[in-house]
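Paired with subunit B in one complex and with subunit C in the other, subunit A is shared by the two complexes that follow.
For the complex of A and B:
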């Protein structure tokens, strides 16, 4: 109250103040501008303030996703961890729900006011349940298909009248979900991690022929345009293309006025109806003509459905020209394309065997800096596909960065799809960057995104190692190796071999400051690899075996790091398991080992090595000479040396 | 002096008489020394001095708001606060549920914080089970408690590698 009374006075007070302060500079203008315009009240929704707050913070790449607990022990460190932790939590929630449903009598209390349905156990319908039209309506509204069907059957048994309206609603529900219970909305993680089941089911007829949907359709008398539309859309959604088309014909013959969505549904399955591109194109045109006859205005889904059909054309030139025609036509109709439209354009224009197309440049110029919301199911495919095009089709890092920028504009990240598409996106992004960016620049992005946003798969890790190899950036290896251990990549032979190769080929330069601690760390890595393979932890079976080259590299690295004791331990392992390790270490490794034996004054070990060389048919002459020159050998050693390489080595 | 003694004696006799008659009919008269010893929230010293206390346990209740904070945070006991008794009972239920569900894993007090319709439960856990199992229990606890209390419940856990990590002193 106090403030409201004060407010007008405050207003005049400020304006006076303003007027005087302005007046000091130019007193003439002040008189006309002494009123402050208070803007009209803007109506806000309850969540507006939350949205405004949320827009001030973005994803923090230094922290794990907020669905994980913020505790070192509970933060996932590998792709498997991310998946299992989130799914485990959801499994726990499912267990709780199961208990609630099993012991429904314990959860009947009503704490909240007004009561919240989601906390109460669900109704169970049996033969004896008391049902009426409202129950059915309610179930349909909550998309509980199984229960709705039970209640529907019960009502029919009991002879309760069901209105055509309700029947139509039930038909629509059943057609939409193909008579199957959908995944409840509350299981977010399951949906996020579901391994692209849609892709596997693509192009397969899953419509349930002759089941409840068609019975219901038969029961609705007289038929209406809506009932035809529901059935046609259901059939085309689950790829029962022929019958959907036949129904469409039937409806047109009976002069029912169908709607745009129904036509869109049939257009999108026209590649199942006709074999060749020409026929498909003809069918699409025919359907569009029919729409025009019925004065139906096409919309965004029509555009996307047409492009979907065009993308199945084998003939590249034909597909391209048809796509352009469609685009031009819809531009005239002033229909704004969605990301899904661009996705189809990309798969039409940028084909593996087709000529190189730069359409993505134009697309990006068109949509740069724009914020998108989901309008079409295929909108979520755009980013992964666009990054794929950047990597495999054009090999252009600046484009890739533009796409990444677009992805992080506004709420566009919502359109990344699911975990599968997200990882595909980053896989392409990383692979492209580590091939094209200088290694320092690349590591900046690596530091930013790994491990909280993205964890590289073994294949991408190999690409990164290749980039490191090319740049000889051995100082990155300790970091990358520890990452590989955390991400559980060490059972991959190719990665381990390449790591060792990089370490062997790039000895540290003492004069570079960043290389000061490298020899020490390299020795540690080599020892770590040796231990991981020779004595695997736990009950896990050995999934990685030594090869001659691998263990030779380990030996060499240990020698170089000056750890003679461990090096001789590794050599003993080589010597003992000769027949179990395929291949032999290179002569160079053994040579270095013998040199270090000389340095450490261990003639017996040097001779064992020589024996190994002789037994494995390698060139033993240089090594024998070196041993002879390096040591002052006693009788026993000398006679052994002679027995190994013969009498005449000294004379040579 | 002797008079006073006499008086007292007489008084005592009277009271004895009185108490006997009252004991026979209703309740006894308390004549033993004053007993205002408090024990709640205090731990007895053991002979071997091997009873482990956390920081929370090491500070008796009169240190609340000085050295340590409350275990339940809500506004039910303030002026015009809602549901004071229900809140207390629910808190007991939640604590029992937590210690039962996370059996032998909780190494601290269970802190219950209520804000609006939201309940946050904080505790320190031992890393005795795999993180995967922990996540299962987190999901289970949150969901079941929210069914029971009919409001969103979140767990805010921290883990320690060893039980000894939370020991403040031995008495």
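For the complex of A and C:
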């Protein structure tokens, strides 16, 4: 690269050399009429080429996410599988790291050049460790909280002086992480799958009162605005709202100049400080006025913090008007809202019990085709919430498609959040589409996203089945059933019942070409369901039981597919397990079974069926007539028939 | 022999103890039978391995494999974007490649093994990621980093004129813990000797200075610099060497005057004894005050050729002709 950069100079260099050599001979100087113009090099960062190449790669809907192995045996096929596979990989990495730390004496070799700091064993600090200010600085820079605290305590014991600067840095670190070791950056999968649990813990006071952070704060003398700011921000981040506010007032009294972020932090927890909406609004105004007093310019976080407070207002009208006021104010300040801002607007305007609001249309018109980067923690909530609004609030598929388009613009997919939010997003998207789209259009989207991006939950599967039922699209059933088997949905009674219902209600039409192979496949599905319930596989507890209707449907489907042998096997099961199966098959099923008995010339089986009908108090008359008409019965059979339905029938 | 012992074994098991003893003695008489069956029903208990195995098998639970997905190439659309499926170099994966490939050796007449579980296909490097559309796409993406070709350098002659010096170095990209390669520091500098201006002395001296770095067949001088640790330093050093040698070649040191005939790099007829001798021969008998005859230019060239190039049939033949011409002797 050095030489290519030197190319223009190389040219002048050589021409100089040649000129001197020419000059020596006083010969004619090289004609300079043909000037050459070498364009300047296009500046690029080390990763620009890679990014350019990566931009040529599209998404392959048939492939799993690249973190999984592309092999039929190793592609996860259910939501649990996805989680298990990814976490197992990461567990392996963790194990390796554990071994590396445990046997640190064996991993001293440093082959890499330039050396990779992350591969070097971590320092272990004990009572005897030789520590100094640099060690502490270094640990703070790498955010190793536990070690930093150990070293800090050691230094205090040994009487090594710590500068106020270092103390301030340590205070900021501890306040940011609440005196806890954060999840290391490298555990991506854990972070991706963990956020679900985090959501439950939110809005609970987790700040550690009276611990190291506050001790450190006490030690810093004289106090500075920064030390106040660090502690206030830490307290409000972990919802110790009252004390944060008290500290803020203390700092104002002492006339320290705090910064915007500190005020933002206190504003965002003001809903913990005051009970009613009016009081909260008053407090926010008060805080904003203090900011103005200190000549602090509000920023995006101020806007989002204000809207967060507004979103907690119970009074719909008041919330709405306050939000609009805030927006107008910040528009004047020329502060560009982020996705988080729009998220708050959505939860303020589109409430379950409130009137219908079309604010999302305006928002989408505003941000259509734009690329976003993360600016606020709540930015990741936008897409899931927007889709929720589309489904539950407005029920509008064209809006949903616009949102999906926005999600797939540029790198916006990075803002989907985590696996939980992603599945919420797709859950709403699928539920909305299968209710509003024609079934063919819907299946196109289904093919694109299932199973590698999203695996429908049982509830969504039921919605899809409902859509299929409405459209009578029985030709989709083989595909959907195999998906249900793979996604582990077959233990849901409602799904199985609905599947059977669809198959029974929509017999195949021989004249439609796409229906040619349907009867065969339907028979297979029915048999599959029967086997899955009758002979559950070893590990799985028997969690699904036959009902009379269910097994009756199976019987009917088998009869229709022409598999008399299996059908009679199923009927034997019905007959034998009468006491275990709640309810009875419908008369229509049994009728069809008897018809097929007649077709296959099996009078004994037909009579068994008749016996079952009689025993279960159903109307046996039409069946007996059919049997009598269909077969030429011998003596034994006739007497049996007589004993079942009575003499008078035969004599008729 | 083995079949015989197997037969014996079976007999032993079936027959009574008496018969067993009889056979036992027989095998003893015949040590060549190989294996000795030294068991007696009364003395030894037979460890029945087979029975034990059967009970073991009954206990073991049958492991049922999880159903695997069908290979995903079945789901692929015919108009799909292949570059998205196979974006980079990787080992062959039968489930992702929708081609009915076959490779490997089989018996004559049989079809080669299919792509599934085929080590032959996995061993060879494939270029499925370098399809023409993929290359086209990547070129499109990289275009923005390229600059147009410099104006005024449209032909080979022009760029050779403006850039007579060619500098070569190599960048290495490899999967090693280190990102440095010692060979990357090497800089090679090429220049055509005809691009430098010399006089006779300077050219002679320059060639002596560069030694075997000059290739007389191509007329190209090559300087390879690799003694410094960095490429930049090596480049500077190579340029320094070229400049220094060039200017040094124009310097005439005092000791260069002491150059004797033996130090000459080539034979020159003008300076040598053979000219005097030849002139002495043709001027023989001519009065000293008369104009002296000169040796013909052809003769001079022939002698130079003979000595500089060495003796070969052609040179010798020409020399003979010239000598005869010089002496005015007719070759009969």
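Just so we're on the same page, the second predicted complex is superposed on the first by the 605 of 652 C-alpha atoms of A that agree within 3 Å, B and C clash if a C-alpha of one lies under 4 Å from a C-alpha of the other, contacts with A are read in each partner's own complex, and residues count from 1 in each chain.
The working rule: a residue touches a chain if its C-beta (ideal position, glycine included) is under 8 Å from a C-beta of that chain, and two chains touch if they have at least 3 such contacts.
Predicted, not measured: the structure shown is a model, and the values here were computed from it.
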Check your understanding: Is A:71 touching the first partner subunit B, the second partner subunit C, both, or neither of them?
Key -> both
Exercise for review: Check the residue A:37 against both partner chains and state whether it touches subunit B (first), subunit C (second), both, or neither.
Suggested key: second
Practice item. Tell me which of subunit B and subunit C touches more residues of subunit A. Key: C
Exercise for review: Return first, second, both or neither, reflecting whether A:111 touches subunit B, subunit C, both chains, or no partner chain.
Suggested key: both
Exercise for review: Kindly classify A:85 by the partners it touches after superposition: subunit B alone (first), subunit C alone (second), both, or neither?
Suggested key: first
Practice item. Considering only touches as defined above, state whether A:55 meets subunit B (first), subunit C (second), both or neither. Key: second
Point to revise | First (subunit B), second (subunit C), both or neither touched by A:374 | key: neither
Check your understanding: Does subunit B (first) or subunit C (second) touch A:97, or do both, or does neither?
Key -> first
Review point. Looking at the overlay, what does A:512 touch: subunit B (first), subunit C (second), both, or neither?
Key: neither
Check your understanding: Which residues form the common part of the subunit A surface touched by subunit B and by subunit C?
Key -> 71-73, 111-112
Revision key, fill the gap. Note: in the complex, subunit A contacts subunit C through residues 1-3, 6, 10-11, 13-15, 17-18, 21-22, 24-25, 27, 34-42, 44, 48-49, 52-53, 55-60, 62-63, 70-73, 75, 77, 111-114, 447, 485-486, 537-538
Study note, to complete from the structure: The residues of subunit B that touch subunit A in their complex are 117, 127, 131-144, 146-151, 155, 157-159, 161
Practice item. Name, in rising order, each residue of subunit A that touches subunit B in their complex. Key: 69, 71-74, 76, 81, 84-86, 88-97, 99-100, 107, 110-112, 115-116, 119
Practice item. Sort out for me which residues of subunit C touch subunit A in the complex. Key: 61, 64, 67-73, 75-76, 80-81, 83-85, 87, 93, 95-96, 134, 137-138, 140-142, 144-148, 150-153, 158, 162-165, 167, 169, 171, 177-180, 187, 195-197, 199, 231-232, 235, 239, 242-243, 246, 250
